[in-house]
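Listed next: structures, encoded as structure tokens.
Same chain, two partners: subunit A is paired with subunit B first, then with subunit C.
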Partner chain A sequence: MKDGKIQVHYLTRVEGHGNIHVEIAGGELRSFRWEIPEAPRFFEAMVRGQSYADVAHITSRICGICSIGHTLCALQAVENALGVRPSEQTLLLRKLILHGETVQSHILHAGYLAAPDFLGAPSVVPLVESHREVVLTIIRLHRLANEWCDLIGGRTTHPINAVVNGWTSLPTEEQLSALRTRIEAGLADAWAIVEVFRLFSIPDFRRDTEYLALRHPDEYAFYEGDIASTDGGTTPVSDYRKKVIEFIVPYSTAKRARSDRRPSYAVGALARFNNNYEQLSPQARKAAEALGFRPVCTNPFMNTVAQVVEVVHALEDSLRLIDLLLARGLRREDRTVQVRAGHGVGAVEVPRGVLFHEYTLDERGLVVEANLVIPTGQNHQNIEDDMEALIPQVIERPQEEIRLLLEMLVRAYDPCISCSTHLLEVEFR
Partner chain B sequence: MENKGRPVLVLGLGNPLYGDDGFGPAVIEALSRLELPDEVEVLDGGTAGLGLLSAIAGRRRLLVVDVAEMGQPTGTLVHFRWPEVGLIGAVSLLSLHQAGLAEILALAERLGWAPKEVDIFALQPASLGWQRGLSRSARERVPEAVAAILAVLSRVSVGCCEV
Partner chain C sequence: MKPRVAIFDFGCCEGCQLQIVNLEEEILDLLGPVEMVTWREAMSEHSDDFDIALVEGSITREEEVSRLQWIREQAKTLVALGACAHIGGINCLKNRFDLEEVRRAVYGEYAEWFDTAPTRPLEAVVRVDAVVPGCPVNRQELLEIIKALLLGKKPALPTYSVCVECKRKNNVCVFDKGLVCLGPIVRAGCGAVCPSFGNRCEGCRGLVPEPNLNSHRGVLAQYGLNLEEILHFVNLYGGCQAELASLQGREGGLR
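Up next is the complex of A and B:
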């Protein structure tokens, strides 16, 4: 493309749409930017003055896709502020439901958003005819994950059973055993998706990037850990502000972030894969090998492939968690907490990357200060930096091809483009 | 696809942290305090988007409460039926977060899992933005939406219209 403008506008959504602007003149990139009006600071205002006991419930509504992650992150932060250490049973159930959400979100993303790109379809809808088995496998896995989250959380999304220092209601051992059987069957479906992804040709683009993810000594971290970087070193979560430095740019209301070392960094499945590959479950490692995928991989388009590997991991690791829960036996536990003033940070790996919640509570347990750092906010600058590196490499290609590649790049990150705005648009004919 | 849930689903969509976008969940909350016919399930779908496909698939009848841009005065509640009235969906999505009812119904229909007809109760919102709680005009329409839904449900349960 010699001259022209590429504009991808998503005006069908009232607000929170992501826009891509690219201007090319004389075969050179003149200007570009990635605009995303999202305003997480309002979430902070919404929890101020609220009780510690309600924070998780309120923040679970921020996102319909990561609602479990927000719930768990809020609970963790509040528990840290109150000096509460939840029981092993509570933690095992939290890890189990978080795996459920990871499968839910990853399989939707890989199947409904990314697969159409690789299969040359404009959306998942025409794939129902051309690749019906693939679509049905995705739906089966997604349904399993929904019912799994429903069983543990009390609802498919926006869980109600998870509370400070425990659970208001527990699954029975029979229900957990039945879930275990279904997850085993789900693993076969996940392998079918791995086989589909083996055939895809992923755009070949690499950019040296810093990847941040939680790391835990005993497991591939989702629920807890220190902040690890592919540049080396770890940072305790309580010091996250030393590693994650938030800033804003004039053309976008969303908060962005850079690291203490670089002007941008990435979080998400690829970041976890790159930092914690050695701790993947045995079948997930095999899936990665089958996909020819090794760390450290600096191709952002591979984020979706990392998600597929993590689906296998989440399913297999859930079998281990259920076995532990069943071996110990489920029992009701005391959830009492002593309310006090305090400050706490929580960090959870949600599907799109590490999420931070930070709260300061007064002596009545009311929130006086809050800070939330969402994964998409952390990825914005990295998306823009990827675009800046990618466009010159493909500038000779036709406009439509460049547009599709840029869209695919954004889709690979699956940015949280404001969950609030699913507003219906209606056409009275 | 079979659905293990009840044959009739009343689904509220929206985000209670986003002003009048919380209208759907507010109506569901009001309905859940009432005694409803056995075949009816109510669900606060929040903003789960495509995640709701399996919740609606295979239902015999679906009623949805949502806010909508209809070019009506704010606070207007409109009852219409899909597919008689079209929903404008996105052709291609940049993010899962952009998927809404239009995209779910398009996919369900292609799979042959969509209810034949969907009753949609839509409110023209007064205010959308990051804040908790409904505007006065939206709050006042909650009982009206509940009554309209109950009227449809009563016709369903006495069998005077096709379920």
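Up next is the complex of A and C:
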């Protein structure tokens, strides 16, 4: 392509509204940008004056896909502000439902939204005819994940019973055993998806990138940990503002972020894989080997493959969590907390990367100030930096091919745009 | 000719259109009798020629008004999908604040770059033919409503309160557990899902027809809530519902 513009207005098969603009003149890249025109919703403002007990239900509504992650992150931040550490049972159930959401979201993205690119289809709809078995396997896994979250959380989107310091209702041991059986069957389906992804040809593009993810000494971190970087070192979550530095650009309602070391960085499945590969479950490690996938991988298109590996991990690790819950027996627990003024930060690895919630509460437990840092917001600058590196490498190709590749690049990050447009720091004076 | 269906979204979490995906295998049955022509979240193709528009989200910027009006002009049937589209939902919390101040507080010196307006439900801007209530919508109710529309019927929503469904499920009354609940004044259809999982009804489905608000205000006060706490509670999802102003004992919108 020698001269011309690529304009993708409202990129499809992503959650939320994003536009791609590229201008090429005389065979050279003149300008490019990744724009977010999504309407801002001002969540940090909306929670002001609300009770510590309602914050999780309100911020859950930031995102339909990762509402469980937002709920848990809000609860963690509030509990830190109140100086509460929930019971082992509460934490095991939180980790279990978080795995359910990871499977739901990753399958939605890898299966419904990204797979059509690799199979040369504009959406999953024609695949129902051409690749019926694959689609049915994807649907089975998706249904399993949703019914798993329905069981633990009352509802897969905007969970009902996860509250500060516990749960307002518990599954029965029989229900957990039945879920365990279904998850075992789900592992076989996940392997079928691994086999499908082995056949896909992933675009070959690499750019040296810093990857941030939570790290925990005992497990492949999802629910909690310190902030680890592939550049080395860890940062405690309470100091996240030292590592994650937000900024604004005029053409995007979502704030962006850089690290303390680099002008951009990436979060998400690939970032977790790159930081914590050694802690993946045995079958997930095997899946990665089958896919010829090793850390540190700096190809952003491989994020979707990392999601497939994490599906295997989340399923296998959930068997362990259920065994622990069943061994200890489920019981109703005291959820009372002492309300006090305080400040707390929560951090959870949601499907698209590390999420931060930060709240300051007054002595009545009402929110005085809030800050939310969303994974997709952290990735926006990295997406643009990838575009800058990728376009010159493919500039000789036809316009349509460049357009599809750029769309696939953005889609690989699985951007959750309605989330990231709430990345609005509010300071009331 | 199969009805041509398009899905659109305004300010929201997109969790209601996710419930369409969450119909799992049943979505394949739906794809038989209808033709999906526009669904940005799931499809690359799109068409401006459609019969049924499912619209989620609330209007939160002036520039969105004309887009919604355009959708209204194209569609034979416009369906408000979920609480944000139906009653404004959680987005109405924004309306409690001075928007100019909020915008400046959020974006500082860059405030001019970013437009915002008071949150409005769809029917504050255009005529709405049918509603799927809830935050998020209930998958089975969504399916029933879509079926009714395909048969050319006007979908019927329950006219009774969440309490009826709660009693049917033999739940212990939320008030008897020492909590407060909006179940008595909120439209049923969710299967009382929140009380059934140990929580309270927070009113995401909107009010029943002719709710006895004064009586319920008295009940909430009897259970120890002061006026400020009552308003916080009913405003969680319902802040754009004008009827709720009577809870405050005077005319005018809630702040």
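Here is the rule we use: the second predicted complex is superposed on the first by the 408 of 429 C-alpha atoms of A that agree within 3 Å, B and C clash if a C-alpha of one lies under 4 Å from a C-alpha of the other, contacts with A are read in each partner's own complex, and residues count from 1 in each chain.
We take it that a residue touches a chain if its C-beta (ideal position, glycine included) is under 8 Å from a C-beta of that chain, and two chains touch if they have at least 3 such contacts.
Every value quoted in this text rests on a predicted model; they were computed, and no experiment measured them.
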Partner chain in contact with A:285 - subunit B first, subunit C second, else both or neither
neither
Considering only the touch criterion stated at the top, classify A:154 as touching first (subunit B), second (subunit C), both, or neither.
second
Once the structures are superposed on A, label A:410 by its partner contacts, choosing first (subunit B), second (subunit C), both or neither.
first
On the A-aligned overlay, A:248 touches which partner chain: subunit B = first, subunit C = second, or both, or neither?
second
First (subunit B), second (subunit C), both or neither touched by A:146:
both
State whether A:109 touches subunit B only (first), subunit C only (second), both chains, or neither.
first
With the two structures laid over each other on chain A, which partner does A:33 touch: subunit B (first), subunit C (second), both, or neither?
neither
For A:320, select first, second, both or neither according to whether it touches subunit B, subunit C, the two together, or no partner.
neither
Look at A:58 in the shared chain and tell me whether it touches subunit B only, subunit C only, both, or neither; answer first, second, both or neither.
both
Taking the stated contact definition, name every residue in subunit A that is touched by subunit B in one complex and by subunit C in the other, in rising order.
10, 12-17, 39, 42, 45-46, 58, 61-65, 67, 108, 112-113, 116, 122-125, 128, 139, 142-143, 146, 156-158, 418-419, 424-429
Going by the contact rule at the top, pick out the subunit C residues touching subunit A in the complex.
10-19, 21-22, 24-25, 28, 31, 36, 39-46, 60-61, 64, 89-91, 93-94, 96-97, 102, 105-107, 110, 113-114, 116, 135-136, 193-194, 196-199, 202, 232, 236
Touch list for subunit A against partner subunit B, complex
8, 10, 12-18, 39, 42-43, 45-46, 58, 61-65, 67, 104-105, 108-109, 112-113, 116, 122-125, 128-129, 135, 139, 142-143, 146, 156-158, 407, 410-411, 414-429
Can you list the residues on subunit A that touch subunit C in the complex?
10, 12-17, 39-42, 44-51, 54, 57-58, 61-65, 67, 108, 112-113, 116, 122-125, 128, 136, 139, 142-143, 146, 153-158, 160-161, 163, 167-169, 248, 250, 253, 418-419, 424-429
Which residues of subunit B touch subunit A in the complex?
1, 13-18, 21, 44-51, 53-55, 66-70, 80, 85-102, 106-107, 110-111, 120, 122, 125, 128-132
